[in-house]
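Note that subunit A is present in both complexes that follow, paired respectively with subunit B and with subunit C.
Now for the complex of A and B:
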């Protein structure tokens, strides 16, 4: 483990002969045990007293309100200015007759990707037309069409700036990091205050949200241009601008196109999320409306329309980022011309796309069969939900002592049971410790303690010290301080209770995703057949805008914590699967051959060689899963989570800038701390393997 | 191999060049030099102790017009760094670098761009081809920077492409070519503006041995007609001996020896240089001139083996292996210019074993 030896614990460690991990775990355990033991006399050790909190939300709220008030007039001018292009785009997108739009999109698909993309574009748009959501979709697209160029310009300029002035690079990258972890809804509250209700807020939010991925990829792409290429440009006598625009940016084109792709997807996702503000008849609003009315057929239909658009945009722009063969432009022109002719020929005879109801029977059939299904299997679904709640989620949240009741488990949890439970865990831990796995043994005891107490009742010193200890083990003193101080900020901000609830929800989902996703990834690594099935599902899940995940879970499990949990898992499991498989299958051939020639079975190769080699990659997957879970946590607040997500959503509804910002910041802090800790471990593993 | 023509002024002149990496390198270097009284080794050690990296230490040498000057060393010896100092891809921390008398260290940005557009050409180890341009566009790029119009620069690019033997691949993209072909493009591009000074940074190191030898031979041919002033970087002693007029051997940022191939092989200054030339068959690189002694002219005997001073030791020994007396060496004009003792020949060839 990489820890500087001049740390305080060094002499202690030498005395006991323990690894830093063991010592960190031990300290955490002792702090936790002390807090619990002293609770009767010193209750503030467990529950942070409200009186000690500073009214951070109020302070930040009034400071921000004052500041935002100052820049409000300027912003209103910008918003008025932006209203023009938005109106034009909206008028254009809704005015162009649908045969022409379909023709153009299909032609574009042919031009960049041949038959398969053309078919995707054609089929997708015909579905949208048939669903009757054409105009709403075009409204959404017109927002995207204005916000994306804004995002591309600002993101690209930021990336280039970071590249040209290395002094600012670190600062810019930190800002980008933070912007990516600040939950989407948190952007909306101050924007709402600045710009008032209306589609402009969605537009600006989506531009802000979509710019960082572009900036990141521009930075990355420019960084990765081979030094020989850069030097060749210098030696050819190019000025700095010539080097940049004639050589470096074109050389980085592939990476930059990845940025464009991510930018488009982020913009679409945010435009749809911004529908919660309302005021614009777009497809996101349609989903929200039907969901609120529990019309799941139409809701699913609208959700599918969003998915179709996401897929078209993703596959089209994704294609641009890969090496591609060139397709005949004349075919594309012909397809476009067919669309134009059709539009002109039937001018005036085209039915209003909103009145097309081809798929309405499908929607109502879906609705009915769903209702039927729910009637028939409601009991089974309920028992799944209750089982998960009673036996897993509730104990994790409020602890065995609170969750085990005659109503749930059939008996009452007694202090004797608590003692027995802890004693068994301690015995198991002791056995592990005696076998030399000291750290693991202590961690086992800590986990038992957490389950007994419940995440929402954990003593705050235990969590702060625990995070610090993890930081110390994974990245040394600096990371330990970072974790400790950041969580301390959340603690004194008065949002601690809500943060604990968020921690519980994301923790539960992340653990589930890690176990399930890891298993699926392993399966896919072993069996290419399984991967062929799982890969398109993963692609699909990553393309769908966050919002749409809510529809299916709501259909089956109604509003509540379990639905939120499921939605988070559905979204956050993907990176875990991908990275696990990737790590396991990319073990160098030589290592595997060495293992096989030493007589290892396939399973032994997996455990002894592939898994350790894949560890850093899998940890990065876990890291992504954590970030995904936090991102979804806020969206899931729409359908019933408590915690910070709910505060952010509430702040949005009440236009409470202070609460929105502080809750968003608290959420970002949780995500950042988790991110740094896991990255620290991944880095430590990478260095240990010499990668 | 090449005659050194032109004025006496060196094409490139480096004086006390330092390249130090680390924070505040410039002031730290000045400080270290001042406190060690100009002793460069002591100054370098002082810098290392402070955590800085002296990648090039007090390098001084001249490259004459039309000379092929090779800088040789292992990886990390500072050879790539020094060529980057001369081409101003890196700003030297200290010292003076003159190209045809002009001090580059003091040159303005605009002047450097101008120099690169007209006078300097560079070939890179990993080719540095622009991936989004065809062969012709790559080669024509420096001309485009000069401001030439498209017709002119395409015409010139096609000429150079033919010179490097790539006729027929003008419209190919770099990704469609083999390593050897790519480096031909790199060479063509560096020659497009017809530079006087040509930098080659390990141009053949990334290539297969067979392709490498082929390109070396073609490179020698090209240089025989173009007569550029060249700084050629390599880590391969055989390559250095094969092509160089003079070789500078670098170690840990220092130039440890400068000399002709023969001098390097026959009179290595220290064990480091000796180690390099150990595996080299000396007979193939050292010339008769290096062991020739003066002697009174005499007439040509009927059984004279006809030694010339530019013969390799190996060839000379083969033709006079059975002799014991000194053998005359003849100049190009047919006059005797000295003698060689066969025992000296044999001794020179065995020098490495002792």
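Now for the complex of A and C:
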């Protein structure tokens, strides 16, 4: 737990005999208490005065507009150039008759992975055909087909650049972080301005989002090339380029293929964003149209089409990455030939794939089931929502003093109750402190204070100092400064109030996901049966366009925070489940055997051996959950939240470049600070375990 | 050759004073197709009229909020149904910059208002008179709005007309922004199916008006004074104590349209569409499941007298 010596705090610590965590918590507590105590005389301590903000979004807006105008002609040339491959791909994919496409995909599946992949390809594409979205899907595929090579090239080049010039590695990593955390909606307006209109903008947005995973995996792969291989390459006298392309990149192939796989998945997940711009009748546009009519069945069908493509692409490229062996090429050729013959035989007689409506009854049945469920359970749904709002979400947002009213809890919260509540927490904290858990005791008091005040009313010095203190404990002085300065930037940008609302929304979701997802992950680690049920659900939640889930959530629980909260949880819980399970099941056998032979029960092994060993992995899962929650905040704005997500969406509607970029940056800052803090703790756990 | 051209030009001049040159008929005119059915109807009818005049037409899907940059760049040539109540700020910017030109009203008679599904009238006796809302606000209350009632307002980026009415009329309701049109529809659908109370800001023509039997609350008819003079209307202390300001629905185009395709610009400028024509077509598409092309083709065949004169005036 110990962090290395920090010169300023060292004497302090010797004085008090406290751990750094305790000191950090203590400072935070004192700052918070001071703010609350001084609020009546110095109100600016709690609510940051608007007059102290700088008009950051205006400045950024005008600077960017000037800069964008400068580079616009060059960018227009790029987009005109990209329009050619885009048009060719589109013409090709929509021209090829569907029996041939299905035949070729099935043949490829056979060649890569045998019967199971061939069946997946065949079944998946038949589903797409039956849904009536064939042509739209082909438009989508042509977009992915152009954006992925673009992302692979730029991502790969970036990765190699970082490897060749270690000086730039940190800077490049930061740029990659930013590319992945600034919500795409935030930079759509500048992209539209720069690149014009239509599928090319979607293509570029999707390439921006899909390139970082490729770059990261290339960096990681090249880093892990064994030094003797590198030395052998140097000894054999090749130039640096030869060493790189003939030796190092081939040895890093497996890791790079993981990057290709992730790049494909990321590009596909951006499809819906491309549709918001329009210019292209693709599957994302269909999702948007049905979503606008609140038709759950049809929009789920359109969403499942995207899931099917994601699954096919994921499994195919995953197999390509991990296995070298290939299946009989002659069988593949035969399958392809069958498709070709079918296409030729029925040339001109094939019905227009858009007129196929085999799955329409399923879609309307789904829609009616939703209606039936609502009619029967309307009251129960309302009480679930009210319960969650009254007893959890409202107190967290506006504090017990604001949320406890005769309407909600049946009585009025009084200052006496506040005092009693804090006193109880303080007493419990004191008990913990006396037992030697000083930091935990203080944190308990802090949490009680937060619940009493409410996240949206927290004093800004408390949050800044708190984040700095956490950074200090997690990663030392550098991280502390980073957290403090970054949050300070959000504070003076004038977006603080909205940022607090976003923090509350994502905080509530992350806590819920951590507890619930951790429990589900634990269950899946114990029971393979449960994992078999949970895995496909996780896959679906991660690849289906999130818009699709907004409809049932809205119909069950209406517009408001609870719906937004649920939508975020649905998406953000997945990594928590995956990583928890993964961490728990990958504990080395010898550790478990040692525990079992010393007489530990299965449960004891889980708690004493597996859980501590899995802690770094689980923390990484938490880290991903936080990033996912922030990503989902923007989508949740469509349900009517009021935080930064809403600003981003409003900026998009109003073509306000400055506000969009500033809000996107604020969102990215919150995500990055949380990311660094959790990674700091994970790194420390790893070191403690000697990994 | 030149003489023949001259002769043709003279002949056309004498034929009709309004007749305009067709222009570049080989290049397709790109019409923006936005996210809702009514707009699809308006656009496809206009597109078929242009085709009848001898043009090539391309229907291009475009995000309603983000299309004006593309229009100003000449990548989209016209949008035929723009609602003044939720037009993007970018529209005004592009008009000012000179890339986009307005083409006049579509003639669609729109109404916006505070609305409720019909079954809500049983829960709040006295509706549709607005005064009834004073006493039954409690029935509309939810966890987030307690003790006030809940009004579902437009998405925040469309403005807050519902909230303005509640403040103006001093009604105990708190407005909750919807976030998207899909969210508004989901609210209407859930309320109809659960039989739960709902007060919502809504508009017509919209297919949901009939699908969920939506009624408007009767508010004092809005006059100019209502929006400027607090003394006007039932609440002497506030503006906005009346119904919505009438919404304009208009057409706009790329500024180069009239130069490149003069007759097309004239057709689109004179083109109008009424609620009576649009609403049944929307029903055929959204409720009966016809495609836009089918429904519009049938309408074009049956209503030649309505649209043909507009095309003829510009081309003959």
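Going forward, the second predicted complex is superposed on the first by the 625 of 691 C-alpha atoms of A that agree within 3 Å, B and C clash if a C-alpha of one lies under 4 Å from a C-alpha of the other, contacts with A are read in each partner's own complex, and residues count from 1 in each chain.
Everything that follows uses one rule, which is that a residue touches a chain if its C-beta (ideal position, glycine included) is under 8 Å from a C-beta of that chain, and two chains touch if they have at least 3 such contacts.
Being a predicted model, the structure only gives us computed values, none of them experimental.
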Clash or fit (per the criteria above) of subunit B with subunit C on subunit A: fit
C-alpha centroid angle, subunit C to subunit B via subunit A, nearest 10°: 150
Partner chain in contact with A:237 - subunit B first, subunit C second, else both or neither: first
First (subunit B), second (subunit C), both or neither touched by A:291: second
Touched partner set for A:247, first subunit B, second subunit C, both or neither: first
Touching partner for A:394 - first (subunit B), second (subunit C), both, neither: second
Residue contacts with subunit A in the superposition, subunit B compared against subunit C: C
Which superposed partner A:655 touches (first subunit B, second subunit C, both, neither): second
Shortest span in Å between Cα atoms of subunit B and of subunit C, once chain A is used as the common reference: 48
Footprint of subunit A on subunit C - complex, ascending: 33-36, 60-63, 65-70, 73, 75-76, 88-90, 93, 142-144, 146-147, 152, 155-157, 176-183, 185-187, 189-190, 193-196, 207, 286
Touch list for subunit A against partner subunit C, complex: 188-189, 192-193, 196-198, 276-281, 285, 288-289, 291-294, 371, 374-375, 378, 382, 385-386, 389-390, 394, 405, 407-408, 547, 550-551, 554-556, 558-562, 637-642, 646, 649-650, 652-656
Residues of subunit B that touch subunit A when the two form their complex: 84, 87, 89, 113-118, 120-122, 124-132, 141-142, 145-146, 186, 189-190, 193, 199
List of subunit A residues in touch with subunit B within their complex: 226, 228-239, 242, 246-247, 250-251, 253
